[in-house]
Amino acid sequence: MYIVIVGAGDIGSPLLEIATAGGNEVVAIERDEERAERASRQYDCLVINDDATSKDTLEDAGADRADALISTTDQDATNIMVCLLAQELEVPDIVSVVHNPEHMNVFRQIGVNTMQNPQRLIAEYLYRAVKRPSIVDFMRIGDQAEVFEITVTPGAPIAGKTLQEANTEGLIGGQTLIVAIERNGEGDPITPRGNTRIEADDLLTVYSGEGATPEVTDIFGHSEDHN
Amino acid sequence: MYIVIVGAGDIGSPLLEIATAGGNEVVAIERDEERAERASRQYDCLVINDDATSKDTLEDAGADRADALISTTDQDATNIMVCLLAQELEVPDIVSVVHNPEHMNVFRQIGVNTMQNPQRLIAEYLYRAVKRPSIVDFMRIGDQAEVFEITVTPGAPIAGKTLQEANTEGLIGGQTLIVAIERNGEGDPITPRGNTRIEADDLLTVYSGEGATPEVTDIFGHSEDHN
Amino acid sequence: MYIVIVGAGDIGSPLLEIATAGGNEVVAIERDEERAERASRQYDCLVINDDATSKDTLEDAGADRADALISTTDQDATNIMVCLLAQELEVPDIVSVVHNPEHMNVFRQIGVNTMQNPQRLIAEYLYRAVKRPSIVDFMRIGDQAEVFEITVTPGAPIAGKTLQEANTEGLIGGQTLIVAIERNGEGDPITPRGNTRIEADDLLTVYSGEGATPEVTDIFGHSEDHN
Amino acid sequence: MYIVIVGAGDIGSPLLEIATAGGNEVVAIERDEERAERASRQYDCLVINDDATSKDTLEDAGADRADALISTTDQDATNIMVCLLAQELEVPDIVSVVHNPEHMNVFRQIGVNTMQNPQRLIAEYLYRAVKRPSIVDFMRIGDQAEVFEITVTPGAPIAGKTLQEANTEGLIGGQTLIVAIERNGEGDPITPRGNTRIEADDLLTVYSGEGATPEVTDIFGHSEDHN
Amino acid sequence: MYIVIVGAGDIGSPLLEIATAGGNEVVAIERDEERAERASRQYDCLVINDDATSKDTLEDAGADRADALISTTDQDATNIMVCLLAQELEVPDIVSVVHNPEHMNVFRQIGVNTMQNPQRLIAEYLYRAVKRPSIVDFMRIGDQAEVFEITVTPGAPIAGKTLQEANTEGLIGGQTLIVAIERNGEGDPITPRGNTRIEADDLLTVYSGEGATPEVTDIFGHSEDHN
Amino acid sequence: MYIVIVGAGDIGSPLLEIATAGGNEVVAIERDEERAERASRQYDCLVINDDATSKDTLEDAGADRADALISTTDQDATNIMVCLLAQELEVPDIVSVVHNPEHMNVFRQIGVNTMQNPQRLIAEYLYRAVKRPSIVDFMRIGDQAEVFEITVTPGAPIAGKTLQEANTEGLIGGQTLIVAIERNGEGDPITPRGNTRIEADDLLTVYSGEGATPEVTDIFGHSEDHN
Amino acid sequence: MYIVIVGAGDIGSPLLEIATAGGNEVVAIERDEERAERASRQYDCLVINDDATSKDTLEDAGADRADALISTTDQDATNIMVCLLAQELEVPDIVSVVHNPEHMNVFRQIGVNTMQNPQRLIAEYLYRAVKRPSIVDFMRIGDQAEVFEITVTPGAPIAGKTLQEANTEGLIGGQTLIVAIERNGEGDPITPRGNTRIEADDLLTVYSGEGATPEVTDIFGHSEDHN
Amino acid sequence: MYIVIVGAGDIGSPLLEIATAGGNEVVAIERDEERAERASRQYDCLVINDDATSKDTLEDAGADRADALISTTDQDATNIMVCLLAQELEVPDIVSVVHNPEHMNVFRQIGVNTMQNPQRLIAEYLYRAVKRPSIVDFMRIGDQAEVFEITVTPGAPIAGKTLQEANTEGLIGGQTLIVAIERNGEGDPITPRGNTRIEADDLLTVYSGEGATPEVTDIFGHSEDHN
């Protein structure tokens, strides 16, 4: 895949790392000379040190034959200009970071995929780390439901029980589903069945229709979570 | 919950919004005058315009009776100093952003919860948006497995089939599990059973032991995903 | 007419002067504090010292009920963001300065009236002042034709002749038309007829199908023009 | 023609482009190193990176044998010093941009041709684009009269009529004159005669003794113009 | 006398001191806020903190009824613009500092009195202090001649002699004239006559047609002067 | 003569010009790189680009064998440190500019020759140019007396008279002495005698015990001088 | 005691704290506004925000009746100017920091007490902390001898012995003297006699004619010191 | 000894000088390019121009095999990050400057030797120089006691007496001990005995249990000391 990445700053840099590591043909455009040089040293890609709001620059980066363009600068106005020019050059897939939520609609209007306010995503993780320290990672499903990863503490109500037993005892309600189990720090999770026994220190992937509320996390033995 | 948030910049600002909206008692510390004023205007919290690496400032912020402190400045060195002072003041829960991966261990050593390189998380989302445009959201489980949200296209192999039929026909392997179904844009997902029929435009939450590979996403009708 | 003007810099300032003098209701938006204050002192209009790429600011300026918005900042990217937001707010008439000719198409694509590269217009006037010092003002018609203002020198071939005589003598070809005559510095021009006599020092408005070439300007007595 | 251009900024740059494209021998003087280098790369002319208020610099630029000098810096004081030195070197034609209208007289006093407040010219165009959106281009003649370009809309009163008919019906008054007609986007305009028929979408060059008022523009079918 | 002084910097400040001490009505114009405030505190005059190249500012300073204007800024271009505007306002006496000797002629051309390169004057004094340490003060007359002040050392050839004796003995040639004698540090000099006796420590004002050469200064006892 | 000059700024530069033109061996010390380079290009002397308050630098400049050192920086504190170090290196002649009159005594105390507030000297010249425009140059003698150069106007009382006649008629009092006469712009002045006739346009060097008051200058025909 | 302290920076600030705590009448002079304000808030003294190289400022600070003045700015040139002015005002005691060792002599020459290169003192302490970690504090006597504080480790040769025993056994040579003993962290040291017994954990003040060499420190049980 | 020194600023520079002069293998890390270059020129050590809070940099500096690391930057947060990384690399001896006293405990907590607020040490010396000008050097022992160096003045009570006589006469109390005597400016001090006679101009090292109070210093003849 041929990907043009605009901006080699805080977000653009790890993106360059991921995209080059993924075996793609990557070209970066960065206006700041110092950043451009750093990116050129660190990643296996061509880095163009120029202004991406110029069509010449985009053409130099091969945008007219690229499969995708990702705009990551910290200025929404710059990102939108880049996306509009990319549309003119008929880049099939155009994605942009959007910093100000008010601008989301403008990007949508012109038909650009967006990633809204990335800093807010981080903020949510930090907040969760404090409010629900037991939750290792999580993903929202709709308004309330969540999939989350949680460790089973030694004295947890569910520790030592099979899923069937846990169901029978009402520990796991109809809204809750244990999706996968990671044990002993091994990378490949077990797909749980009725007779699979939950052990202390298991890292569970859990789906809960009502979210990771204290009622739900309690059965995994976490009383430190806050309401 | 009483939370002290250090830094009201790119990450601190949305965190202040989330934390105040969550009904917590929040105090922010921000060194930059302009940022401090803006935070003070926008969020319902006390904002102290001072240097958080001074114990006096932390005490002014009530850190000695806070439930948690989250350090979000863009300097790892500042964050670690703040965390160490917070430990002296015996803040129960201390979380910090860490920008340089090399510093992760140092934070762990002194016993601080961390959120590593938040910009990389964003980069992964952007990359995914280009490589697997069908994926709405996702979460990694271990090394390979993933939980992800995906829309069913009208002509997809699975569209119009019950889960049982899909299983029987081998569309869904042993490593794949349909965890939840959002239909008609309603917030409450359906917990699927054997006779639940998948419809076009359903937004599915799927667990796949081998990750969201094209083989897996194909059955939901997405041929635009790249390898 | 209710007009929102974005930018109170080199172009925005005289525009504010013209627009307020024209009896319109004018609101200016300028990000720079110093410029905003100056505009506020000098022109009879409300000046909002804020970032116009925020919808809140545009709404504060009453853009949602404005008849027109003119974006005059020196950043094309900023201008396009402002125009897109103005479209969202359904401003009927949106005009923007465009500095980089490559961006013209992007503005057109989204349906915004533009004024391309204003500095080039000035450059053309300066160049003309040197190449055809006899030309007071001019306007291009198509590729070659021009309407221009020119003074008749005392010894010019046409001086003292009626239009009819000039035509008969072949001084004025079929491609040339004397449109109007300003005499004695009076503001109201005379519409010339066949028997109108051209006098020295008359300021003529002339249409020439082949442009203001030396052949054409010679009959008004200007040998100083360059090829 | 040998032309010395002082300043390679916003106005100087397009002037360099026009002047070199016109086949003149051009020398630019620009004090700022970065601008000087850019100009040197982009235009086919000698660029001297020095201070033009030094006689040595002007002599290096060959001002003593130049046909003309155009001063385009954004400082009136610098422009006047340059013009005075150019007079000492007996440059035949000296033209300068003037930014502050109060300085117009000073330039005139010392005998320098000027182009007053170029930004105001742009502002007038922008204002006109909003007030009279039907007007494509225009030129003032005296205090009130104007020559302007306007498109004929399909249902306009004049559409489909010959000039004679339009005159007879009183559509075109004694103060109005149709000077030229551009049809089908062709560069060469037609010189209209009595039996020339005006068609929809014709781009007319019109002279109006009372200016482009709504009364005048109405007959070309533009009701969107404002008073 | 009503004097407008433009610039309150290194040269303008002592000028304000001298001019106000001399009982004149003085108005200063200084663009820099800090300097303007300082001048306002220190000198008994009105200080206008504005740009003197604006006619409004000059009129605010009463330039139209002033007897004289002195322009002292460190930019020749600014000084010339100020002087031209002062001419428009018909200030009877206009004087300006000129920093670049090449600009002298330009100022003269427009009829402004100038003081060329003041720093050079200082440099000459410093140089003289090292080359002819015996000379207290001096003034050049034509190319070679000088009037200078010099102290008589105790053992000098002329010490103890009357002027007549000194003439007779050939100590004072036809080109040299003792103009005045200051004795005992008293402010009023003595006008010397033939029988006036020169004493050691007298401070003499001397005219020498060949300048203050060592041959001339030797008779006053200064062997430390250099060639 | 071997002279070290510290500072190559406004005062140092013309001093370098004078000192090198005078055939001396000159070494300059200038801390600012740009100034040092310029001085090196323009003057025939060694320029050391370093801090002169370091003894090493002074020794590199050969201060230990120099005949004189002149300190011209715009910081009195720097000048005094340089002078003290020069004393340590036993430079025979040390001269310094002093900017703040309060510091004069400090320099005197440590035995350094000074040139006080050079800007004031310039200010006096400017002031005189306005108050006594007839005076070409002047030098103060004691508190009141002055030697000055003045041109004789055509209708002046003294024009056409011999000195004797002028004395007899009381035009020249006992306090006034005509020291020298420059005629026809020739460099060598005439030493006047009793029968020397003063002509219009003569440039006279005059000594006046009461200074160049209007009473004194009137006889040379200058009624434009102010009181 | 009336003390004027010039400079409220890194060194001046703790000096203000010590001097005010010591019950002296203190006046500080600090040029930087921010520093001056901070000092004014923190210390019980008058702070003058002005340039101390002006005699007026020093007089405002009461230097003419002060017992002492300490100059602590980070510019030697500024310090020397301040000291010279303080001498003029006849301050009895004048002390200054000196940063460049080359300037030491200059300060001595004019009779000012100095503290040379304070940063070097700190560097020596840091170096000692690494080379002789057993040494708590130390003071050099002459070229080699030292007084130092050292802790006795539990298994040290001298632990448990009286001084007499230690002498007899040759542990303490003729060049070494135990001056004082701090025990149990009490502030008042014991003056040791022959029968005083050294205990483990005692903090000894020791004089050694040959310095704190490993041979000497070994008897106190510190084998970690480096050569 | 292999020593890594972080920071080559005010404190780091003299430390580099001492450490290299002491024959150690020294590597410096300095982030600022100019400082790094200067250090590289002046000291015999490797200087790495990079950020020491990166583990890579520390490893490049050989921190993993160094005997000691000294952190001297002026930011406590930077110092603590460096120290924590040095602990990870298991540097045996880690020492750091600490600027803010509030941070002392944090450094202690993580087990790093510190040098608190070095500027305060300097301030104490300056204060002492003014309050007890007789004291040449001093060291605090516990809360009150001091060892200090003092010169004996010619007329001092103790001058000319043996120590025994001084004891007998009660000049030296039980709390005071004369530890060493430097005579004639020789570097090797004499260890005093009962019959050693104190002479004027001797430089004594004295221990006093009550500190260097005027009562104690009086016997050495210093009445200029203040209370």
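Read from first to last, the chains carry the letters A, B, C, D, E, F, G and H; within each, the first residue is number 1.
Keep this in mind: contacts are C-beta pairs under 8 Å (C-beta built on N, C-alpha and C of every residue); 3 or more make two chains touch, one makes a residue touch a chain.
Every value quoted in this text rests on a predicted model; they were computed, and no experiment measured them.
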item: Winner on C-beta contact pairs when C-D is weighed against B-H; value: C-D
item: Chain centre separation (subunit G, subunit H; CA means) in Å; value: 7
item: Subunit E and subunit G: spacing of chain centres that average the CA atoms, whole Å; value: 54
item: Residues of subunit G engaged with two or more neighbouring chains; value: none
item: Order around the closed ring of chains, commencing at subunit B, then subunit H; value: B, H, G, F, E, D, C, A
item: In the complex with subunit F, residue positions of subunit G that touch it; value: 53-56, 75-78, 80-81, 84-85, 87-88, 100, 102-103, 105-106, 109-110
item: Parts of subunit H lying in touch with subunit G, wherever the complex brings them together; value: 1, 3, 10-15, 17-19, 22, 67-68, 70, 72, 93, 95, 97, 113, 115, 117-127, 129-131, 133, 137-145, 147, 149, 174-175, 177, 179-180, 182, 186-189, 191, 205, 207, 209, 226
